[in-house]
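First chain written, first letter: the chains are A, B, C, D and E, and each begins at residue 1.
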Amino acid sequence: MTLMTHSVEIRDLDLHFGELQVLHQLNLDIEQGEFLVLLGSSGCGKSTLLNCIAGLLDISDGQIFIQGQNVTWAEPSERGIGMVFQSYALYPQMTVERNLSFGLKNARLPKPEIAKRVARAAEVLQIEPLLKRKPAALSGGQRQRVAIGRTLVRDVDVFLFDEPLSNLDAKLRADLRVELKRLHQQLANTMIYVTHDQVEAMTLADRIAIMKGGRIMQLSSPDEIYNRPQNLYVAGFIGSPAMNLIEGVLIDGVFHAGSLALPMQRYDYRNGPHHGAAVIGIRPEHILTGEQITRADATAEVLVDLVEGLGSDTLVYATHGAQNLRLRMDGASRVSAGDRLRIGFDTARASLFDPNTEARL
Amino acid sequence: MVDLTPQTPKGSPVRILDGPRGAKPKTRVSRRNVMLYGTLLLIALYYLLPLYVMVVTSLKGMPEIRLGNIFSPPVEITFQPWIKAWSEACTGINCDGLSRGFGNSIKILVPSVALSIAIASVNGYALANWRFKGSETFFTILIIGAFIPYQTMLYPIVIILRELKLMGSLWGLVLVHSIFGMPILTLLFRNYFSSLPEELFKAARVDGAGFWGIYLRVMVPMSIPIFVVAMILQVTGIWNDFLFGVIYTKPETYPMTVQLNNIVNSVQGVKEYNVNMAATLLTGLVPLVIYLVSGKLFVRGIAAGAVKG
Amino acid sequence: MTPAPPTCRSGHSSAARPRPPRALRNLNAKIASVPMILTALVVFMGGTAWTVAHSFTKSRLLPKWKFVGFDQYERLWSSNRWLISVENLLIYGLCSLVLTMAIGFTLAALLDRKIRFEGAFRTIFLYPFALSFVVTGLAWQWILNPDFGIQNVVRSWGWESFAFDPLNNPETVIFGVLIAGLWQGSGFVMVIMLAGLRGIDEDIWKAARVDGIGVTKTYVRVIIPMMRPVFVTALVIIASGIIKLYDLVVAQTNGGPGISSEVPAKYVINYMFEAQNLGQGFAASTMMLLSVIIILVPWAYLEFGGKKRG
Amino acid sequence: ADLEVTHWWTSGGEAAAVTKFADAVNGQTAHNWVDGAIAGSGTTARPIIISRILGGDPMAATQLTHGRQAEELIEAGLMTDLTELAEKEGWRDIVNPPSLLDSCTYEGRIYCVPVNIHSTQWLWLSHEAFDKAGMSVPQDWYEFVAAAPKLAEAGIVPLAMGQQGWQQRIAFGALTVGLVDPDSWRKVSLERDAGVAAGPQYAKVFDAVVDARELARNSNVQDWNLATNMVITGKAGGQIMGDWAQGEFTLAEQVAGQDYTCLPGMGLNQIIDTSGDAFYFPVIDDAEVRQAQMDMASVLISKEVQVAFNLTKGSLPVRGDVDLSAANDCMKKGLAILADGNVLPSMDQAFSADTQAQIQDLMAEFWASDMAAADAQARYAEIIADAD
Amino acid sequence: MTLMTHSVEIRDLDLHFGELQVLHQLNLDIEQGEFLVLLGSSGCGKSTLLNCIAGLLDISDGQIFIQGQNVTWAEPSERGIGMVFQSYALYPQMTVERNLSFGLKNARLPKPEIAKRVARAAEVLQIEPLLKRKPAALSGGQRQRVAIGRTLVRDVDVFLFDEPLSNLDAKLRADLRVELKRLHQQLANTMIYVTHDQVEAMTLADRIAIMKGGRIMQLSSPDEIYNRPQNLYVAGFIGSPAMNLIEGVLIDGVFHAGSLALPMQRYDYRNGPHHGAAVIGIRPEHILTGEQITRADATAEVLVDLVEGLGSDTLVYATHGAQNLRLRMDGASRVSAGDRLRIGFDTARASLFDPNTEARL
């Protein structure tokens, strides 16, 4: 161990609710100033983990360090954390100003200090004109900002967010996402952020921890997660529409599935070449069409089944024999159901998995 | 605001993975728990005291009662007071205790509860889902009606019942209970039906169900908790009612409470406290049992019907 | 799925159904509301109007149209007993409101602390509500009786000078009634409060803990203000009970000692039936109604009349 | 036919007495007495009775205190006219004192059957108590007041008093009759002379009530019969109560003059009033019931029934022509006064229920507080001035 | 009027809630078998319009025709419509089968006919194994199918959907969207679909009606809406991230804004060339970067402010002088904040608006 500590360290964390074990021997180190996103489907234990870090749940086993202090048994308010909730949990009968200052008053900070901090937070979040209003008179986005402000004034080391955007509509969500990202760049605090929205995770995170059933499946940068998923679960979970997963067999560096034969020479194996059963994963946008097909390692012809135009992109659902394939094409593409389409595979950007261990090859 | 330089831990420069580990130790008898359970037990004692006194006294003989302490447990348990209260105590020249009131109470209770709940639930449903001009005004009047002391309404109701030729009949009493149960029950049902998703109502309309069809086939089956609450409130209210029971009926149909009043208030030489207590307990038994059995549902239903956020 | 409409449809408006007349719209709802409307208009409004009208008459045993103006009211407000009744109701009402709320809320808060045996405690606090006021009054009359109740028991333990005899002291008797009233009513309020507490967003509690706000302070500063609607509901229920206070007093003290625990509802009854002065009884009940309306109409308007649901 | 009878006679002695009526009706007629007893005195029972009658579903017969209570019901034509029966049986000749029948008469017609005479001006004294205190039994109110301190010393409550308004009103009434001279009494009670009510004659009464209040300070029972029981068991020296207390003594097998003493008119004025109970028969539109009502009225006033009932109840019979050799000491005192004609109209006859209620409220307040005698008297005079 | 009627026609529809006018003189014709999506921000009156069509709200003025019948005052059940709600509004106490047959029983159809239709719907929707279950025992997607089934059995002409997917999580939403599209292809009923999710609208609709404040702003095909928005509102509303809107002035066919000068020769004016103040709208993906820049009509250099990697795409927030610009780039692009980037504009795909009337030029 060096003197240089992580911002948050979690060691062998176990958590039971009665019989039900929700977190399993979980380990996690978060760097100073890092933006870590916990991503996973509903019920995988994201909120539970966050609550353990915050001290809102008593853990069953393990240790938690924040800024190098063992806070395993510390009260939430003593941990140097702030938390923003999905419902924001603003105190409805207090004005924004009182919401911001309530915690500080309780900690018996001197009045001028409180005023200073509130003013500062209001400035950072641009909520000065709202200070005298009550939460009911705020829009969703404004409420969210106040909730962050309440954490901001407390001058904490670690910010915890539990799905802070999921109650908002799509447009506002996109705007606030950008704002949050800017805020993080400005403050440089450690932030731990729970969501089940991939877009949020991809755009906000320095690193993403993908969780499943109380375990972390992969902890990497968004880029890594997207392009080099470590296992089948992550591969299938991330990306919309989902990655095309094709079962087949790897013989002498060539992946065979039905009539398909993909030479995998350019593939970057994790532990050297592999033989035998394998699953290949190819993202819809890595299936090449049109002029790009020249860059492909292999081509095939597919039958278009359904086309969804998103404006910016076009999603194409197609079949190749018994195999369903999803393709993402340019928004200007003119394809329609029933068309036959020539496609190419960019094997360098594909992923290979062992169907038994489900791990990346 | 945030110090970006990495912090060295206070104290030992070498941080080892030591310090507290695992679940926070919790003593079973923490100060907080002692306070909490202590307070609860103390208050529970206050609440149980009268019941205890009533039970204990009802099991003592008169000599023992006269000796003094109402809190001491009976030295010699006797069920004589219960027997007497049930079947022997006299009022006037009838000496058959509470027993004949019991049947009457049931006879009054069942139709009263059924009718009052039926009326109030339909009203609440109409108010929640089929508003029409003026419906809220009538409802407001109804709610204010809940505050009118019953006694003021005795005479007008006598006149109404006389005009309806229902005075003295069981149905007259049922009607009276329905009228006075209406404000609170309607409020409960209205709030509850309002809290049900409006989309269900719309779906049923699209499905071609009419006013009654939606009520019977969609709303009622979804509203068990509030029906339970309404039932509990009405059973308690109607069972415990004395005033209406005695004024709007006649001796053959006097409910148990009238019998209880007669037993308790007919002082024969000395007050037979044990018999009085036994009679009191016997009378309270039906609502008590209902509360004991359905306490949890009651809380749930109240949460759904009475408390709107 | 269905075949295309028959071909020979010339214009749109041919099959148009006319706009139904207003009175017939929602007809079933109107029919179903007849009991409510009748009760509201005939029983409550009609009954009230009848009562108010007769309060200006010299009705004795039977209602009669012998108009005497405000005589009954003059006599009412010069009657010592009525003044004491009103004063008692004010004292009892105020204490009962505050204490029932306080006790109800405290109990609910205690039960909401994820305790063991919650069901048992809840039942214990609630069961008095199942009993009639007559029973409550009798039981407490007895427990408070100095000769064999609490005072006697404490004295028998050796504390000879212990005195606890609220019911025989005109100054304290109303508080003796209050003890019984609280015992009976606070359980129900507790249930309402508990339901309200359960409806509070779990995150609020978490936010308060993270902010380092103590449990008590969270209740006082955050939770209670959030439960305003629940308190209003409880308030209405308690208040409607208080105004009707009658059985309990009759069973426990019968207005005694002297007239020191008289209450308005009892005044009404006594004058209507015992003194056979209906006019006086009606005047008293009109005063009660008036105070109810003054308190209630603004509330009812806010609660039911003002805002419309979507 | 079934005859539903409402009444509020539910204490031990009362219930035993009413059984005599029921037995007589069941035995001597073809009709059936359906008992509709309502406990808790007239306060509870009266609204029920009146509502039932007004609501058009009356009982066949009901107890009411006669006097002015039923006047309006009669006026409204809700009560059965018994004049025919009364004339046939000659009630006017047999009812004694005749004023009782007057109370049943409205505009010359008779509407009720008086069944007993109650007088309220009695002081009941416990021999056992005075023995304990080592004194002889006092002979009038003033002696009793004088003896009180010694009783208290012996740990005996001098005056037993149920803490209910009507008992306090009765005590006041009794002291009035006992202490005031009858002319003044008449002036106040019948002529509403407020001046006399505020005068020195009545001042004596209010002083006496102050005394009584002192003597009863440690009596904390509620019901009248519990107070009587204190006298029976020697826990109290005495009680002011109507003659129905006699029933409780009888039930306890005490002997007048030996175990207890009764002093009519407080032992001062040998005068009693003649209130009492009567039965009314609401109009029922059914010939059979109407006949049954007549039969019942006839039975209630018949000789044997009067004797049996009144002996049990402790009240005096309404007929002068019955043999009461079985009567005890106290009853005989009452009969003697009756025979001398020293009777006054009862409170129920003198005052409307409304005025009585006001007096009762005043007394309840007076007894429970430290109100000065003069204040109470002033308010009493006001009530008298406004009385109707 | 021709003999061939529209499926749904709405004439001069007005709707008030007390003082508040929610729908304003609304006219709308929907073709037989068309999939029409009502899209708009919250509170714009979408649900209200749908409820009017269904007969669940009494309209204030106007007329509604379904299959040529004037149904303005008809009962909901008599209009030949079926409706699927956001919460599905399944009757919780009835089994799936009873849920499906409830409406038919109300219509007093003979038993065998009911059984036949339920079986048919169950087959179409593949919910045969669920028929005996209660709604509580179904997953979100299954519930949705039952809700559709309830409409299906009634053999109606018009299906109405009120945000049927918005309660589901992202993944399921995407799947069901595709299913719904397939179902429409199979049944060919008229469908009116309310949503505030652009992706749903774009992928599902034959035509989209964009609503704002109780008025229809544009009613066109998704492609048209996306590429040729008729006014500024639609331009700003559709697309995520939103279209770049730049105020400037149009002089002799060249759009000037600050140092930017875009020749608009290739632009397809609606009413011929225009002079004076104008707003240009360019979608993020129509701002060209990298090698594509050669296709541009004009270029500029921008400063990268914030980068969001979505995996499949990269969103870049950049500034050109005082002007904020949003760019959508390939997922594999490697740009980071602070970079300077050369961009090009494809003016043929841009939109021009009059800043006063807000209408397309």
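Everything below uses one rule, namely that contacts are C-beta pairs under 8 Å (C-beta built on N, C-alpha and C of every residue); 3 or more make two chains touch, one makes a residue touch a chain.
Protein names from UniProt, one per chain: A, E = Sn-glycerol-3-phosphate import ATP-binding protein UgbC; B = Sn-glycerol-3-phosphate transport system permease protein UgpE; C = Sn-glycerol-3-phosphate transport system permease protein UgpA.
Quantities reported herein were computed from a predicted structural model and do not represent experimental measurements.
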item: Partner chains that subunit B and subunit D have in common; value: C
item: Path length in the contact graph (subunit A to subunit D, fewest steps); value: 2
item: By number of C-beta contact pairs, the top two chains; value: B-C
item: Chain separated most widely from subunit A, comparing mean CA positions; value: D
item: Distance-maximising chain from subunit E - centres being C-alpha averages; value: D
item: Inter-centroid spacing, subunit E versus subunit C (mean Cα positions, whole Å); value: 52
item: Whole-Å gap separating subunit A and subunit E, where each centre is the average of the chain's CA atoms; value: 27
item: Separation of mean Cα positions, subunit D and subunit C [Å, integer]; value: 40
item: Multi-partner residues of subunit B (each touching 2 or more other chains); value: 154-155, 159, 261, 264
item: Of all residues in subunit C, the ones touching two or more other chains; value: 25, 269, 272
item: Junction residues of subunit E - those touching two or more other chains; value: none
item: Pairs of chains satisfying the touch condition; value: A-B, A-C, A-E, B-C, B-D, B-E, C-D, C-E
item: Of subunit D, residues touching subunit B in the complex; value: 4, 6-7, 9-12, 15, 18-19, 22, 33-40, 44, 47-48, 51-52, 54-57, 59, 223, 225-226, 229, 248, 251-252
item: Subunit E residues within the subunit B interface of the complex; value: 51, 54-56, 75-78, 81-83, 85-94, 102-103, 106-107, 150, 154, 162
item: Touch list for subunit B against partner subunit C, complex; value: 36-37, 39-40, 43-44, 46-51, 53-54, 65, 68-71, 119, 122-123, 125-127, 130-133, 135-157, 159-160, 178-179, 182, 184, 186, 194, 198, 210-212, 236, 240-243, 257, 260-261, 264, 273, 276, 280, 283-284, 287-288, 290-292, 295-296, 298-300, 302-303, 306-309
item: Interface residues, subunit C side, partner subunit D - complex; value: 60-62, 79-81, 146-147, 168, 170, 254-260, 269-277, 280
item: Subunit B residues touching subunit A - in the complex, by the definition given at the top; value: 1-2, 4, 6-10, 13-26
